[in-house]
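Notes for the one structure printed next.
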Amino acid sequence: MSEMWINMGPQHPMTHGLWNLRVKIEGELILDVDPEMGYLHRGIEKISEDRHYNEVITLMDRTCYVAGLAWEHLYILAAEDALHITPPERAEYLRTMCDEFQRVGSHIMWYAAFVQDLGLMSPFLYGMRDRDLVLDLFQSYTGARMTYEYMRVGGVRSDLPLGFTDRARRVLDWLTARFVEYDQLCLGSAIFRKRCDGLGVLKATDCVEHGVTGPMLRSAGMKRDLRRDRPYAVYDQLDFDVAVADGADVTARYLVRMEELRQSVRMLRQILDWLDRHPGPAMAEELPRWLGAPYAPVGKEGYLLKRNYPKGVGFSSVEEPHGEAQAYVVNEGTEHPYRVKFRSPVFANISAARQYLVGYHVADIPPIMGSVDVCVGEVDR
Amino acid sequence: MQPADLEAALRPSVGAHLLGTEPFEGTAGRVRFAREGALDVFRAVKDRLGFRHLSMVGGIDWVDHREVFYVVWSDDARQYALLSTDLPAADPHVETASSVWPSANWHERETWELVDIQFDHHPDLRHLLMPDGYAFHPLLRSFKIHEPEDLEVKSRHV
Amino acid sequence: MSNLTLFSVSDLLVTVLLTAIASIFPEPIRGWLTNPDLLLGLACLVFGALLLAASMLNTILLIWWERKLLGRFMDRRGAMHVGFAGLLQNFADGFKLFKKDTVQPREADALGFYAGPTIYMVTSLVLFGILPISSGWNSGALPLTLLLALAVFSFAPLFIFVSAWSSNNKYSLMGGMRSAAQMIAYEVPLLLAVVAVVIVAGSFDLTTIVYEQQNYWFWGPLFLALLVFVAGMLAEMERIPFDLPEAEAELVEGWNTEYGGMLFAFFMLADYLRALVGSILVVLLFLGGWTLPTWVPAAFTSFPLAGIFWFMVKTYLVFGLFVWIRASLPRVRTDQLLRVGWNRMIPLSLLSVFLAAVLVTAKCLPVFGCVPSPGG
Amino acid sequence: MTSPVPVPRAAAAAGPLGAALPMAGEPAVPFLEIEAIRSKEFLPAAKEALSSLIAEGGQTKVIDPVFNWAGRNSLFPLHWGLACCAIEFAAAFGARWDAERFGVVPRSSPRQCDLMIVNGTVTWKVAHKLITLYEQMPEPKWVIAMGNCATGGGPFRTAYSVVPGVDKLVPVDVYIAGCPPRPEAMLDGILRLEDLIRERKE
Amino acid sequence: MGGAVEAKEKPNENPILWVARPMATAAKQFAKSLVRPSTIVYPFERLEDPKFRGKVAVESGRPIGVGEVWDNYRGVHALNIATCISCNLCAFSCPDLCIDMVTVPGGDPKHPKKCPQIDYGKCSYCGFCSDACPEGCLTMTTRYELSVTKRADMVYSPERLHEVFRSKLPMNPIRLARPENEDAILLDPPLCIGCNACARDCPTQCITMLDVPKPDAKPGEKLPKRIWKEPVVNDSDCVRCGTCISVCPKECLFWGTRK
């Protein structure tokens, strides 16, 4: 066969979302790739400029739909920074718990989708089943399965229901046992190793050059994790390890994510213990009236301007399940953020696609792109 | 690292283009520079200060002028730093950072597309998020969003 | 029992019916109607129709079996709301596909586009006609049934390639190419594994091979050959882990991407028909066909159609093994399949041929037959 | 307003599964019980079909209902994910809800699909691809707008890049509200579509 | 602070096990689900069923104590028309602008009673409206099935929402506490003209117009033309809906902290 371009997407089983990978192939060999994004560009940054600070939270859940709470946390950190508000400690713990449960849910979702790309269906079902248990937990305290709208500027919407921590511990026990099965199905399988070893190699120096972060960077042997290097919320009070591997290939990414799952479970147990021992308010006391929990509305435009609310710029960076996400919120003293800018980790990870795809085979595209863990919602925003 | 450290390290090499440094919560500081010396500042920040990782490029439309900001990360200092430069709204040009940090490529494409900031010598300044030929720059303040118009609803031919 | 074959049944049916009809008519017409040649031809037609019905029913049951089994492997229930326990689900699928439009892409080559699935279907049906399912199933013992079956079996990649090429889709084309490339990998070890069976059984006739297994099933002495044969069969049937031509993750639906409606139904049916035939071949060659070990009480083997019943039980269990493999192993890559085929499976199959030859010449086969022969 | 009073969904139209269903079943309904509930609806229909076959025969009485039954019980949706709802779409095929129970099997090629579930925000950039996919699906075909974004643009309808509802591009048969709809709600939408196909006698 | 842990695979074992181990795992799962798969047979079993409460355990992979999980699920709204005070807070707080206040029978002709009408084709179920509702008359229930064949059927009028309320579905119990230091409605006395608009439109009738003494006009000074009354807000009854601020013709009411 001579050289030809094929379009993998926007409707293609490999993409897990709405994007297009244009691939130039000769036979089965990949000569060049050109990711084409923007099929899910929903103008979230623009819509945010028309919304109150708390109302932007509803968009954050939909920005990255597999890690909604992590993105809520990201935005909230930047917005609180811009608005000069400090949340109570219990709210910080609750947010950290949300982050870690979200990481568990997101990584399990990744596992389900990734192994399905290799042609193995049953882990998809197992993964979805186990993820549903995490979503049950989310539903019990946020009230929704995927779009939580849980965090507020200055705290969180509501405290945990009765008996939550016990239920959560039972789920963690169940999940810990399942992780062993996950490994047996994948690492224990000769075909899995044959398919994934040495695939999609992206060395640490290239990762840094191209802005690749998260499990992809850690799989290249680079010990960088914002939770440890630049602790936000209460990560500096938790005991955990950063998962790294040195293969820089698909297997290494699998190993890193699986280890992160275990570390998340370890952190969650500490957080649940803390939450049991320290009751307290989950909302900041000193809030401007229009940011108080039950009240989103503002009486009239210009309310803040009239009161000379201090201006500010907020910047935050969190270790999202896919990598390092950043938010930049400009507060010009009105009810609406003047400008909201997000940095999606997957955005950078996909932009380096040429580095880790060229030279492999067409059949390698699904595992490699699967190991990148694409979430198009946050790439296109 | 403090803003003073940034200033001290940058002043000798690119002092001419340095407009000042200021503290910025959660980062090592914000470096303001003139756009003429963009490339020198980028190189100095990357090579002399060790900010090897470019995380984000963004633009803000301040109506009378536009601002481009770069967020960079140093693995040694474990800190972020912000670089920003102001561009006149009539002529929003700045040198591309993608020759220094390859990861700037897509970020600059997006910033050009949404905030209308031209990056000179960019290798591939195409539309990224919007379809080719989209004529507007949606994140400018002059671009207003509104409730959708009523379009014709398709129905099945029975 | 033994003289009641499927063909004799259809022959009897035709004879009785035609004689009854002919009795109405006056003499010359009655003579033409009861012409033995006509009877034979009609009996052949009825035989074919019965065979077709049996194969279709079996295939549809097989799909149901896979869906339910796969569901349980995946901790879910599978089709259950259409018909009792979902038994009618596949009929619904079939009827629906029958009624749906068939879209022929504008640039597609019409002849190949329509001929490909049709011939694929026909070859798979022919296969089912060749195989003896019980002692009374087959019309007559052809001397070389095994060779014929394997020859017809390996036609498929050709027609897959034809239909993939003519549907003018890049994914289809790549699927077709893979199908052709894959054939090189598995055909040789598959045939070599069969050679081992033939050496032990001393015949190319499937019925004879089954009767040779009355003392001991061949899976014991020829375990190596069984492994190679099952792996080759998985590739031949294009099932996970060797379903590269329709690798859903990268090649949308593989070579049947452009097919919809009845032609797609043909592909699906033929795929499962081939899976059925593959399982049947495993049962025939290695698991004793329709015979049971002699220690099984006679009550289990003496009821009517016991042979077919046990044969089908074995076939469905073997297919269950294939489903099990599908539920637990990922897909391999083309070059890996080729490497496995040439580097692992061919030496193994050669070894199994050698072992078979040693077993036969050393006359140590009866070691495996731990029970006396039923025919005795 | 066609129905001003919202009747409980389970009692109003529990799909082909009988109107006598209680709002909620036992924690684990025994399989045979489910079959019994289903047969209450299935057996009279089969009896009627049989009697009409004996009485009149003909296409409209027997052949069409059979194909209608087949068509509504084997809906193959297109396997694609647009946005958030795609995750719930996938969850509906997960172990807990298992949409395959109803014969709903996602296919990747539009040629083999009957049903396009638009599960997420449709942007103008993807609009013509969506229309192409719709046209590639052979007749008869249906469209379900899943979630608010597909129904009317949802929270993003004011944005510059979002189509305010997929019904501006292709005809939609069933709308499922929710942001995103739960997997149950998606299954409910599919059951509603099955009702619709039966009513329209397509 | 923790260090870094190297994620390493187990050392290679017998290669035959490498195909056998995943198959054994799948077989284990098969045996487990042969007895009882984790599937919920949806139209027959419903997760939100109170009967599920506490009966299904996580140990089998079935959902956890489902009833408890469903306590504060955010589904379709329920509206108690009788207690609705037409304060407009829900429509104000809706980020998706899906709530319209429409007139329902029951109000007096001068001040028609307005209740929320919700378009579920736009609603994103964020719960801001029920959080903002000061009377607790707009709550969210566990109903989630909302498939319709016509787009217009997704618009729930107040009467339909009231029907949901009467169907006694489990409702979201979360009531958010008011902040301690709530802002109050303050008056800028020199601007007020005593027009009574705020007191007339206040949904809770917490504003009373009190007389203020008419100052004696100094020679040469012209008294402003106004009614000599001023609104006084009863903070404990006030729901902070801001209606008074928006109807005030002189913009003399504003938010502030009461000393």
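Which chain is which? They are A, B, C, D and E, in the order written, and residues in each are numbered from 1.
Here is the rule we use: contacts are C-beta pairs under 8 Å (C-beta built on N, C-alpha and C of every residue); 3 or more make two chains touch, one makes a residue touch a chain.
In this text the structure is predicted, and so the values were computed from the model without any measurement.
Student: By that same contact rule, can you tell me which chains touch chain C and chain E alike?
Tutor: A, D
Student: What is the minimum number of touch steps required to go from chain C to chain D?
Tutor: Step count on the best path from chain C to chain D: 1.
Student: Which chain's C-alpha centroid is most distant from that of chain B?
Tutor: It is C.
Student: So, comparing C-alpha centroids, which chain is the farthest one from chain E?
Tutor: C
Student: Identify the chain pair with more contacting C-beta pairs: A-E or A-C.
Tutor: By number of C-beta pairs in contact, A-E is the larger.
Student: I'd like the Å distance between the centres of chain B and chain D, where a centre is the mean of that chain's Cα atoms.
Tutor: 46
Student: Report the inter-centroid distance (CA atoms only) between chain D and chain E in whole Å.
Tutor: Distance between chain centres: 30 Å.
Student: Distance from the CA centroid of chain A to that of chain B, rounded to the nearest Å?
Tutor: The answer is 23 Å.
Student: Could you say which residues in chain B touch two or more other chains, in rising order?
Tutor: Those would be 129-131, 138, 143, 145, 147, 153.
Student: Hey, what residues on chain A touch two or more of the other chains?
Tutor: 12-13, 38, 41, 43, 46-47, 50, 58, 122, 125-126, 129, 132, 147, 185, 189, 191-192
Student: So which stretches of chain D touch two or more other chains?
Tutor: 17, 34, 94-96, 98, 101, 108, 125, 153, 155, 157-162, 165, 167, 173, 179, 182
Student: Could you run through all the chain pairs that touch each other?
Tutor: A-B, A-C, A-D, A-E, B-D, C-D, C-E, D-E
Student: What does chain A use to touch chain D in their complex?
Tutor: It comes out as residues 10-13, 16-18, 38-44, 46-47, 50, 58-59, 61-62, 65-66, 109, 112-113, 124-129, 131-132, 145-147, 376-377.
Student: Could you list, by residue number, the parts of chain D that touch chain A in their complex?
Tutor: 78-84, 86-88, 90-91, 93-96, 108, 110, 120-121, 123, 125-126, 129, 133, 155-156, 158-162, 179-180, 182
Student: Given the complex with chain B, which residues does chain A contribute to the contact?
Tutor: That would be residues 37-38, 41, 43, 45-47, 50, 81, 208-213, 222, 224, 229-230, 313-317, 324, 326, 328, 330, 338-339, 341, 343, 347-348, 351-352, 380-381 of chain A.
Student: Give the list of chain A residues in touch with chain C in this complex.
Tutor: 1, 4, 6, 8, 12-14, 28, 115-122, 125-126, 129, 185, 189, 191-192, 194-195, 361-366
Student: Chain D touches which residues of chain B in the complex?
Tutor: Per the touch definition, chain B meets chain D at residues 129-131, 136, 138, 143, 145-149, 151-156.
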